[in-house]
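By letter and in written order, the chains are A, B, C and D; residue numbering begins at 1 in each of them.
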């Protein structure tokens, strides 16, 4: 394994410390238990908390700050965080208007957040993100939450900042999630530091179609294709899923998994834009880059969110986090 | 080669088109010849133009916008752009106060910008960035320009936005460059699309010490070490070079080459912060992430800039580009 | 012989040793159809328990289970972390006396809590394919008044059969479910570690 | 026989063919001590020239060199792009008549311009280790009144010797200079393609 680490067991702590120092103007770090939280808090505001395994940075810690999350709970690499983290984070950022957990639909995340919600002595609710359409809606444990999480967190974050109450934030989060579909492909697996070697191997002419964000295999192994062909397939599945129609407004997010250069991601964006434009969609906003990563996996996903006016206004609202910043 | 491409020859154009669409609010693309330029321009302002081979994104096109560059000229992957690009860009963004070229010190870049400067019928000057200390100052063609370029472009960009004249912008750029030192290590080479395979091979226990940003070998191949040891070495060389002293103010930039996950880069930042803090330095600002990349190379560099008050104020000034944004 | 929480220090050591001895094998299983972290998750929990072992030993049963549950809850994470935390916290709630049948009843209730937490049951290629039959066998053997040794041997057999049964199951819960048909032919990592725990506990109790 | 710019269409085709035939070998050289793009850079330039060839053919010498220089300048990029653009634009400036000695003088001046553009000279492991001795031999042979065939054979020998000489040089210009001692033992890619150009040009002129 070729990585900049001393010891896989200390990586997360060292990294969180560096992250907190590099962004000391907007956030603070609590080490026992682990959570990162906003420096400037507002009373009377719904507290937004997310979290999940580490290795997906900038998700979620990079989204803590004005206009987005109040706290993020990082677990060990690809391992969901523990209920005491969410509870301590909730107590630290509670503004008296309740706590909304934004949870990616993975068994570990769901169960740990659920335990936290049960034990927490504050009013709380949660939004489950399940935007990955690589599996059928009827899948036994539901679809996974992947890159669409960024969109949900940004839009709900703006609503919470604007004073929306817990029920409205939850309803909005669910609406954004409903309007969002993602699909990803991987050209390589990734190397989990504790493991020391790639989680799976792919031949030079193979790719994984329909992958999650934990370096696991996807829905199927297929032959590697050219960018246009890959994007056409992804776009078609997404278009079908969301039943997109002429004149609808949308946000198009091309997400890199970590090792795919921006030159490729921007080219993917162009090809995807063509695909959706051809179908009459009005792409009003875009987000291109590495936001929901799988360590050093090469690959990318397309995420499309059909926007209504409220969602668009919240997307445009000021945000000041490590990874997304505009308007302030 | 596992990449999202149709044809290496069309990658750059497709990518630039996607980039321009994704950031249509701040910039425009000219295709013949290639350059990306600011949408909102200001007359009476020195025009800042940079450029270089592609494959280093977000450098330089990601730095075009309010408070930073007026235009960027992308060459083919790792190949410097051509004089006609700089000339056309200069004519497009000229505000009547002259043109400043910010050039990384590589033979190709230097010569092509020089030709443009000679042929251009507008007052122009250039700042040569040569922050890479892996080679001695006395090196036959001078030191290379690497990740410190971002710092130069941000600070000079703010000065130009504030109305500084051509001579002052040039002098400031040279001052920032003087105050900046970078040093990088690579764990892997990268794959140039036209080539189709990694430029060089490294054993599992080797790394390249003192690398540039074109996937070439570095100063020497050494045994892979733990993060603390690597950072200690890089920091010592940089500290010696800049002769840092107690109480000096600095900006610390940890730059990823493309395939190194943020969790590692933040951990590198923590270790580097400790190293410089121990030497009495006051790290006032930070920048951690993939800014000057080498396609999908795994590796990173440390850049330190000793800040004076003017440089700090310009660093903090509002900027609105694809890759750096704050204050607006 | 009555068993008290004083058993925990040697018990935790034994489980730790067996998981460590099988770490690579388990990782291979979790990598084949999961994300490869299962053994690290458990080992983090066992390490935390080992550090608490001396504090657990003098407690009464409900307090011991409580401490174990909270320790596991804060240390493990992942799917298995919440499930084992749920198991131990439920044992805390249901634990009544030191009798085998008392424990068997509490354990059955705790496994029920795990099923609810994970919205899963036997046959879905998870740790439940070990814990559900083990809980059942434990209750039946306790009712039948089997000797501790006989009972423990039986639980070991049931656990081994449970883990083996996961091989031909289609995963419908946990990460492996994302793989659909590709999960066939692989043993579930969480079932394997459950069986290792049963075997280690049995070994310690037989020589206690 | 007087040579006119009508020679350019077959000449460009010949250079293109030879560079293509040696593309992999050149890339290997540029990868060993450079960044591997040299052949693609030249090929982009040659492609652009091929597209202009029919427009160049009817021009006079200065105009032809001008068009070639501007085409190369806009198409190639990299170190070699600016150097070849400089060479051709200087040929445009210095080109006087169609005589061999006139061309030899112009070519020597153009190579001088390249030296200035690159702040380099022979012995630094670059294309100059071909172009400088070739320019010199050309002037000497033209003065000596050698036959065109003799002269061309001589240039080919000089070019081959020049490229071979780069093998044991320490690179002090271009990317290879970053490697220090590690540049020893490798031929310079830019010298190699310069030699390929000389050879292709000689072949075409001999059969013209």
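In this text, a residue touches a chain if its C-beta (ideal position, glycine included) is under 8 Å from a C-beta of that chain, and two chains touch if they have at least 3 such contacts.
Just so we're clear, the structure is a prediction, and the values are computed from it rather than from any experiment.
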Ask   = Centre-to-centre on C-alpha atoms, which chain is most distant from chain B?
value = C
Inquiry  = Just the number, please: Cα centre separation of chain C and chain D in whole Å.
reply    = 75
Ask   = Using mean CA coordinates as chain centres, what's the chain A-chain C distance in Å?
value = 32
Message = Please tell me the distance, in whole Å, between the geometric centres of chain A and chain D computed from their C-alpha atoms.
response = 54
Junction residues of chain C, two or more chains touched = none
Message = Can you list every residue of chain B that touches 2 or more other chains, as numbers and ranges?
response = 77
Ask   = Which of the chains touch, listed as pairs?
value = A-B, A-C, B-D
Remark   = The residues of chain B that touch chain A in their complex are 2-7, 11-12, 14-19, 21-23, 54-55, 57-58, 62, 77, 187-188, 202, 204, 207, 224, 226-228, 230, 258-264, 266-271, 273, 283, 286-288, 290, 293, 295-296, 298, 300, 325-328
Query = Which part of chain B faces chain D closely enough to touch in the complex?
reply = 33, 53, 75-84, 106-108, 111-112, 114-115, 134-135, 139-141, 144, 192, 194-195, 199-200, 212, 214-219
Query = In their shared complex, at which residues does chain D touch chain B?
reply = 27, 31, 34-37, 40-41, 44, 73-83, 85-86, 117-119, 124, 172-175, 177-180, 182
